[in-house]
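Next up: some structures, all given as structure tokens.
There are two complexes below, and they share chain A, which is joined by chain B in the first and by chain C in the second.
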Partner chain A sequence: MTPSPLTRRPAARRLWFNLAAFAAVVGILYALNPDIGEAVGAVSIPDDFVGGSLFTLWKYAGLFLDGAVTTVVISMVGTVVGFAIALLLVFLRLQAPTRRDARAMAFLKIAASRFAKGYVSVFRGTPMIVQAAFFWYGLGLFGDAFVCGLFVVSVNTAAYIAEILRGGIASVDDGQREAARSLGMKPVQAFFAVVFPQAVKHSLPSIGNEFIINVKDTAVLSVIGIFELFNQTRRIAGIHYRQLEAYAIVAVIYLVLTTGLSKLLSIVETKFDLPRPELPSSN
Partner chain B sequence: MKRILAFLLVPLLSLSAFACGTPGIEIEQDNYAAIIERGYVVVGLECQYAPFNWTVNAADRGETAVLIDGTDAYCDGYDVVVAQAVATHLGVDLVVKAIDWDGLIPSLAVNGRIDLIIAGMSPTPERAETVAFSAEYYRSTHVVVVRADSAFADATSILGFTGAKVVGQLGTIYDDLIPQMTGALHENPLSDVPTIVTSIKSGINDATVLERPVAVAIIAGNPELAFIDFLPGSGFVVDDADAAVAIAVRQADVTLLAAVNAALAAISAETREGWMLSAIDRQP
Partner chain C sequence: MTPILEIRNLTKSFDGVPVLKGIDLDVDPGEVVCVIGSSGSGKSTLLRCLNLLEEPDGGSIRFEERELTDPATDVDRLRADMGMVFQSFNLFRNMSVLGNCTIAQRKVKGKAKAAAETRAIQALSEVGMAGFASQDPAKLSGGQKQRVAIARALSMDPQIMLFDEPTSALDPEMVGEVLDVMKALAASGMTMIVVTHEMAFARAVADRVVFMDQGVIVESGTPEALFLKPQEERTAAFLRRYRA
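After this line comes the complex of A and B, so read on.
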């Protein structure tokens, strides 16, 4: 559906608006500290906030970038692997015994469903920071904090995505399954060829949201010593014992990452004609 | 059927991709021979406790800085210089890991992910129940950091902080010393020194207790703060174990401890002070 041309701001005007907003921000920064060039080239950190921030950003840009890359990689891999685990979980969750099943089979199916239900309860019902500390310091199964972090994000995200997928499957009209069955498909065929693809398609925007939520929530992995964006920022703050400047910068970096990624996702969603959700809140 | 199989295999394969890495070495035995044979010793520190240890860019690093394991950043400071001297004495390479204060002792004694803690840690009796400590490698006096314009900046005794909100770092000697400041309000401890500095600058707290070299480093980047030295008799009463900082090793690592002590014994008091002064000087 194309919106009426009257309700839409022309692209050129939007561009000018954005440029003006950018100029205003630069202007305010300049008014607060006219010696921008001096601040970034200073030998030691300038005393004022704006100068200190510019100095910190300029001097430690490489460290911030390392952290941002680690954060995005962990979030992305965690979401993809989480999705794969969620497929298994939702498969187990949907097992229900029928009258034709032997007693052992019925028992297995109930056990599988209960397991998936329990998994979702445990991983959605406990904070990720506790899960991270539990797997890293508590169990000590992993030799590498980064691998442990990927594991924690994956198993955590899996629980959320499994519920998204279950909702997606439930939201596919039963008429779809009935139509597939009436065409002669077996129940399994009807599920995998007709119901499930639609469920996944409708779940994709929410799964994209999980990715963006992960970009923010992986900050808790600093407890196990992964150098993602927030932990990197804590070290940078420790260099000059100046937290305010470092945290202000990292807030802007997170904002750029989340808005940028949700813009990217919304382009993909428009392309595939999917419903577009708002910027997600945290879970 | 093939599709169902694929449907099941994808998650299973991705799960097995997590097949665990190599955990730390045996914590119950003497690992000296294993460490020497491995060719490197792993040292844990915070990398946010200047001038003992701090983080630097690859571009700005001096000769003394060492790459932090798992990152592209470097760690420098007095602790790093001492760590390098110990590693050289052992005849092995130095690997440095940045670990939060709370995680240092578990990483050494429980997980075996590091071999030594060289992080400005005082050898208190409580910690000595879990880990073994070397001889001291630095000794310092304790000072109080305040805002330069605060009413407490003129205090000359630790008893001059009546009504001041004083905060210390969680699990450190600093927090344990605050009760000596009779009349001061002992606030809940915070996790690291940069956070404490911020809380004093923003007015949430009024003062904190720190070692002198750390206070010097803080004032360098924060001119609105000041620290107070106390004359003998009006300062903190500190146990011998608390005034010193020492290297922590696993209790089973008896041979390693002896080697570390031999390495420290080879460093004269003047050399130590010189290292600390140049660390304060290098600190950005």
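After this line comes the complex of A and C, so read on.
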């Protein structure tokens, strides 16, 4: 039996929809400016929007690509390093003295927990653009803006992921930890064998969202002179003083990146049977 | 015979409210003690204090000749000798049935994978769940989950088993299969403390029944003595409510 178009699987329907949309966009471009070949091959930038956009995209594709790669690399490294720092933060945050602890140990645990709490408040409570300027211009610890950018995104993302992980850990019912303890496992063993794997599994979709948020929010690193996608676009826009075309193109590139990565993450989530993510919210 | 477990004047409060008000209880090797009493009387807290899931405020717990409340005692090592079965199963959701029964053997006792699995399968056979070794616990029925939880505890070769209302979260048709496993375990000579509302089980299996009310042991004795001739009015009142 051949499936009717109405009962086609959603994936197939979506593919047809996308193809149709793509054809429509190409059609409109042609209607507005039939001579695309002339636009991209022009010696000077055409005056109209479509011609100017095609010219800019064609001529500066390499620069856009450079910026996009920088953006994705910083976002990805920042998310991975941020995750590692977040693990440490959560470990510190969850320290709580027990009655068996000596006084010095109890004090250390309280201090560790307070530190992690303070860290999260500071990095979630201040804009990343301020953090970037603070570390680059203010402290001047870094010789290389790119390294400073990686650092800022990492320490910033760590604060968000720490909270995500803390929620993930809280979502694992305490009975499982108690059962592990009742079998003789030490707190660390119970945590890493039982609680943590479940917490990470619950947290992964939200951590993926942090990655996508980073793709957008790394634009603020332009303030310390990193040529990520946005700053690169500013440079391109300055060459011919055609702001509208340059920023329209970069908006589309960002949109393609974020939706593409979303799609990729949701495929991974389905494959590993992860819970659905919460809706992304901007930092 | 020296008791395997000696509890003396055990006290515990939560936020200044006393929940255990001086519990004394000895358990001999091979003995099955059933603890009954109304909800909130401190039965769970008592069991949880025994393996220090709750830290007692005062008193002493001697287990295998060692004082559990002494900060110098290696509590984790002693816990491994005390199996605990919870009302809500608390199976590890990130592991298969077999994983549930091997993880502690490997982490706590340092056993090799093969040895741990052999012991686990043996324990799973005892509860009739060996055929489910590779299953995800989430796919099991409540009765099956609880039997796996019992096998998980048995895999550690404990000296005593603590049960906290192991059938209270089960649908009625699954209570029997879990109680049967516990009966077989008792018959095999396992030392057991069982908090339960299953009076028929207590009657049939217990060597001794302990009635708790408001943080004290009101009365204890053989099932016949306690169920048929309770000495205390509070015990009689509780039993009347259960018979009705």
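Note that the second predicted complex is superposed on the first by the 267 of 283 C-alpha atoms of A that agree within 3 Å, B and C clash if a C-alpha of one lies under 4 Å from a C-alpha of the other, contacts with A are read in each partner's own complex, and residues count from 1 in each chain.
As a working rule, a residue touches a chain if its C-beta (ideal position, glycine included) is under 8 Å from a C-beta of that chain, and two chains touch if they have at least 3 such contacts.
All of these numbers come straight from a predicted model, not from anything done at the bench.
Engineer: Since both structures carry chain A, what do chain B and chain C do when superposed there: clash or fit?
Structural biologist: Here chain B and chain C can both sit on chain A without a clash.
Engineer: Could you look at A:V268 and tell me whether it touches chain B, chain C, both or neither (first, second, both, neither)?
Structural biologist: A:V268 contacts neither chain B nor chain C.
Engineer: Considering only the touch criterion stated at the top, classify A:Q176 as touching first (chain B), second (chain C), both, or neither.
Structural biologist: second
Engineer: Tell me the contact category for A:L150 with respect to chain B and chain C: first, second, both or neither.
Structural biologist: first
Engineer: Could you tell me the angle at the CA centre of chain A between the CA centres of chain B and chain C, given to the nearest 10 degrees?
Structural biologist: 150
Engineer: Look at A:Y60 in the shared chain and tell me whether it touches chain B only, chain C only, both, or neither; answer first, second, both or neither.
Structural biologist: A:Y60 contacts chain B only, not chain C.
Engineer: Regarding the shared-chain residue A:R99, is it in contact with chain B (first), chain C (second), both, or neither?
Structural biologist: second
Engineer: Go through the superposed model and pick first if A:Y241 touches only chain B, second if only chain C, both, or neither.
Structural biologist: A:Y241 contacts chain B only, not chain C.
Engineer: Would you sort A:L87 into first (chain B), second (chain C), both or neither based on which partner it touches?
Structural biologist: A:L87 sits against chain B, while chain C stays out of touch.
Engineer: What is the minimum C-alpha distance, in Å, between chain B and chain C after the two complexes are superposed on chain A?
Structural biologist: The answer for the closest chain B-chain C C-alpha pair is 11 Å.
Engineer: Just which bits of chain A does chain B share with chain C as contact spots?
Structural biologist: none
Engineer: Tell me, which parts of chain A touch chain C in their complex?
Structural biologist: The contact residues of chain A facing chain C are 98-100, 173, 175-176, 178-186, 189, 193-194, 197-198, 201.
Engineer: Enumerate the contact residues on chain B facing chain A in the complex.
Structural biologist: Residues 3-4, 7-8, 10-12, 14-15, 17-18, 20-24, 46-50, 54-60, 68, 70-73, 97-100, 103, 106, 110-111, 113, 192-195, 197-198, 201-202, 217-218, 220-224, 284 of chain B touch chain A in their complex.
Engineer: Given the complex with chain A, which residues does chain C contribute to the contact?
Structural biologist: Going through chain C, the ones touching chain A are 51, 53, 55, 71, 76-84, 86, 88, 90-94, 103-104, 107-108, 149, 152-153, 156.
Engineer: Applying the document's contact rule, which stretches of chain A touch chain B when the two form their complex?
Structural biologist: That would be residues 44-45, 47, 59-60, 62-63, 66, 81, 84-89, 91, 137, 140-147, 150-151, 154, 188, 192, 222-225, 227, 232, 234-244 of chain A.
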